[in-house]
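Please go over the structures that come below.
Next, two complexes with chain A in common: one pairs it with chain B, the other with chain C.
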Partner chain A sequence: MKVIKLEKKKLIPFLQFISQERELWAPVKKNDRIIYDLIEDFTCIDMNTTRTLLPPKKVIIPQQFNMFRVTGLGYESDYSHAVKKILFGIHPCDIHGLLILDKLFMQDHPDPYYIEARRNTLILGLSCWPDEHCFARSTNTHIIREGFDLFFTDLEHSYLVWVGSSAGDDLIKLKPEFFEQKPTDQDIQDFTYMQIERDTSYKTKINFISMPDLMELKYNETFWEKMGRACLGCGSCSMVCPTCNCYNVIDRHLISEETGERRRYWDSCTLCEYSEVAEGVNFRKNCADRLRLWYTHKMQAFISKYGKASCVGCGRCLLTCPVDINVLTVSKSLQGKDVYAYWNRLPREASDDKSSK
Partner chain B sequence: MSKNKLRIGVYGLTGCAGDQLTILNCEDRLLKLFETVDVRSFLMAKSDNLEEELDIALVEGSVSTRSDEESVINIRQRTGSLVAIGICACFGGIQAVFTEPEEWAKQYEQVYGNRSVSSNAALQSRPVKAFVKVDYYLPGCPIHKEQFLALLSRLALGSTPEFHRAPVCLECKWQENDCLLNKNVLCLGPLTTAGCGAICPTCNLPCVGCWGPFEEANCWSEWNLLLDKDYDRNIIMQKMKSFSGTGFIQFFNTMKKERT
Partner chain C sequence: MINQASKTAAIENPFLPEPARIVRSYHLIEGVKFFQIRIVDIEKALSFRYLPGQFVMLSILGIGEAPFSISSTPSRPGMLEFCIRDVGRVTNALFALKENSIIGIRGPYGNGFPVETMQNKNLIIISGGLGVAPLRSVLLYSLDNRDLFKDVTFLYGAKRPYEMIFRDEFLRLSKRDDVECLLTVDHDDTGTWTEKTGVVTSLFKYLAEIEPGETYAMVCGPPVMYKYVIDELLKFKIPKHQILMTLERRMKCGIGKCGHCAIDYIYTCIDGPVFSYWDVIHMRELI
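Then we have the complex of A and B:
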């Protein structure tokens, strides 16, 4: 893989130049939150953010969109979400997140809405520094060797740029004069030191190796019931997780316009409706069962099928769940450790006790 | 008027008429809609109303008087389906703020004394379902235009209305808001039915629950979470009661038992 060099001050002009015929999506600050957004003002791009509120999956598959429209004449697919885009500023863990979604949406059951958008999106990664909630070192997703067109590693005054695909190379060729073809020995040394320091900066650690077995062995532990009692069933954990992929589809007819449309929305297996089938029968009416499903998927089933966890260590669930149910507290419970968490101190309802007697 | 057009009636019991106004507010689209259905009765929109057989009755407001009760029973008798529209019809709304029957009797006496109220006696406010069978619910305070049009279109085409059954939090995350609960703000999003698009948290205001109780709301966890965040019991109670009508009655009853 070719590695070249770009002076820092040339990054924004480069991004501006290459996004003349594509939308550029990058992290920006909006009312105290960092989100991926369509960039109009290039000076607003947040180069130093740790994580965005929603993961970059939203740039590929929006939170809600129309799949097609029906009129009296037939139906028309709607691929307006899949216009040509550049996704800039995506960190290694989130690129791994997209690679996991690729397995789900591009292999056994190809999803044209995902595939079209994914093919039309160029991935321009950016290096990052962990905060206390990142644990990508534990999931081995803190570095990335595939899945990007360009990857920018921040070396204080310049970027080292990994060229990951021919599409990435074509972008460079649009402005070759911006780049230095060879990093200096000093650059290589700076990069090496930076890597070592970054590697030791992950304060949150989770041992994933034992997780599939522990999930099996502790399937009936009481902590699941405790979490189930506390879970608000809000679905936030799935919305913010870069690897959660479930969706719901609803048909909307509008007689006033004589049209109809099929809308697709992000869904979550923590919602009760998710596992409801005909006649209102529900396989997972109990919230604890739904949480067990969520964590089985992340830490056991996905590992059996694809050899790695469906968690990329981004830390979003740690910051999002209002009742402290997240990969860290769940894995600690699985390891038999004491956990300081709201769900662990929530008292039982008196009526619960009565019904269980 | 054409015989095979869907016969519709829009009615208001005790409420602010906001839901009927929202229907009127569909403007251009309403005109087109009114061409495809046969609006038999809609007092707010027209004067030549026919109180006959209906296919669909859309009923706003809670049952708060004897005449509300009579109307809703009468409407039920002559309609194929009945849709409760707005939070008052669905859950009783603000006027049904959960009070004990004895407490209500006391309040009644304070207001009316011993005088006998001749024509239209006040009742303890209740949602429509407390009196007659309701086929579909369209919550909101007021209802949302798009959801109304989608519901009516579905019914007109002979299928059942469909909603994504989720709490406000789901839409709140779609809107990319930082959770207010995590900032120790008393937000009722997890207990409230989605549909509004999480407009309040998106404006950095907590959800007060105006779309009505979410059917799978975990009141026990939210209640204790707010206590954990040092909120006063009475404040939490007041907030949870304000828009939930009779929706959380069971929770408040178990809470009462637990205290005694």
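Then we have the complex of A and C:
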């Protein structure tokens, strides 16, 4: 893979130049939150953020979009969500998240809505520094060697730029004069030290190897019920998780125009109506059952099928769940460790009236 | 800024419904209608291949989409049949449509019954209520290919005589001697019922001696029915992997993408909806 070098001050002019014919999506601060957004003012891009509120999957598959326009004549596929985009500032763990979604959406019965958006989106990765909630090292997603067009590694005054695809190379060719063709020995030295220091900065660790077995062995453990009683069934964990792929489909009829739309929305298996079928039969009425499904998928099913967890260690669920149900507390519980979490401190009586949920 | 999304994708859209015409529709019983549907494009209609036990997604313009088992047999190509219960948005709209209306169809989906593996075996088909929808397909298939199978037995239970779906069709079957067709109702409040009364498991006592290893059983009905029927089948010593059942889950895509039909680590829409009892006892949450 070709590695070149870019002076820091040239990054924004470069991004501006290459996004003349594409939308540029990058992390920005909005209302005190860091989110991926369509960039109009390039100086607002947040180069130092640890994680965004929602993962970059939202740039590929928006929270809602049209699958079909429905006219009197029938269904017309609508790929208008899949405009040409550049996704800049995506960290290794989140690129791994996209690679996991690729497996789910692009293998066996490929999904054209995902594929279209994916092939129209250029991925420009950016290196990052872990905070106390990141555990990408445990999931082996702290390093990325595929799945990007360009990857920028931050070395104090400049970026080392990995060129990961011919599309990435084409971007460079738009402004070749911005780049130095060869990193210096000093750059390589700096990069090596940075890498070592970064890799040893992960404070949170999870051992995923034993998870499939523990999920099986501890399927009926009481902590699931405790979590189930505390879970609000809000679905936030699925919204923020870069590897959650479930969706719902709803038709909208526009009476005034005698047309309609078939729309696709993000969904979550933690929502009560997720598994409901006719006549009010629900195979997972109980919150605990739904949480078990979520974690079975992440820490057992995916590992059995693809040899790794469907968790990339981004730490979003650790920061999002209002009652502390997250990969860390679940895996600790599975390992029989004591867990300090809201759901574990909930007095029995206080939680009992919610048990019917 | 020139930034137009492409109108067509690199691959065909598997979610695109194919226009199909409702050729015939009428009430089978209160709340359940029979639909005969033909794909408008005649070549596509004739080349639509499926297995008994598979399902399709039916769409109504601007209303929605839902999964339905195919009730007809692939041995009679061209026309697809369904029996559908009116429960919600899509089914309400379907019920309101007149004959000749156009709806959308995509599929077929799911694994279906292993008709090849079941060749030269005895078949016992057991259904309750609307569970007959997918089983009628395998029943008609076995009758159209009668020489491929050994004994074919069909047990069907409904609550009352006027709640028996395809009653006349099955009453005619019970007169045939190449199939054992036993029909029962829980209560006969009409006084005119000529067949058996009692729950569907009460029909087992009429069955002749069977060779369990040479027999496949297929079950579909309301959730409460499975346990009792399976107990009976196990008493006959039918191997667990030869007891097949079709399951219902919520489904939004039919091809393993939306996640709704997930059970443990399988998807009902692609790994099912037909499962064996062996699968069921090795998988949590299946029934």
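Here is the rule we go by: the second predicted complex is superposed on the first by the 348 of 357 C-alpha atoms of A that agree within 3 Å, B and C clash if a C-alpha of one lies under 4 Å from a C-alpha of the other, contacts with A are read in each partner's own complex, and residues count from 1 in each chain.
Everything that follows uses one rule, which is that contacts are C-beta pairs under 8 Å (C-beta built on N, C-alpha and C of every residue); 3 or more make two chains touch, one makes a residue touch a chain.
If you're wondering where the values come from, they're calculated on a predicted model, not measured in any experiment.
More residues of chain A lie in touch with C than with the remaining chain of the pair chain B and chain C. Of the two partner chains, both chain B and chain C are touched by A:Asp251. Legend: residue contacts after superposition of the two complexes on their common chain; A:Arg33 is shown touching chain B, with no touch to chain C. Look at A:Cys269: by the touch rule set out above, it reaches chain C but stays clear of chain B.
In the superposed model, A:Lys305 lies in contact with chain C only, and not with chain B.
When the two structures are aligned on the shared chain, A:Cys287 is found in touch with chain B, with no touch to chain C. Contacts of A:Met239 after superposition: chain B is touched, whereas chain C is not reached. 248, 250-254, 267 are the residues of chain A that lie in the contact sets of both chain B and chain C, per the superposition on chain A.
Those residues of chain B lying in contact with chain A across their complex are 26, 29-30, 32-33, 36-37, 149-150, 152-154, 156-157, 159, 162-167, 169-170, 172-174, 176-179, 181-182, 189-190, 204, 216, 218, 220-222, 224-225, 228, 254, 257-258. On chain A, the positions that touch chain B within their shared complex are 30-33, 35, 53-54, 63-64, 229-236, 239-240, 248, 250-257, 265-268, 271-273, 287, 319-320, 322-323, 342, 345-347, 349-351. Only residues 20-23, 67-68, 70, 72, 74-75, 77, 79-84, 104-105, 108-113, 115-116, 119-120, 219, 245-254, 259-262, 267, 269, 274-279, 281, 283-284, 289, 293, 296-297, 300-301, 304-305 of chain A touch chain C when the two sit together in their complex. By the touch criterion given at the top, residues 1-17, 19, 59-65, 85, 87-88, 102, 104, 223, 248-250, 252-253, 255-260, 262-265, 270, 284-285 of chain C touch chain A in their complex.
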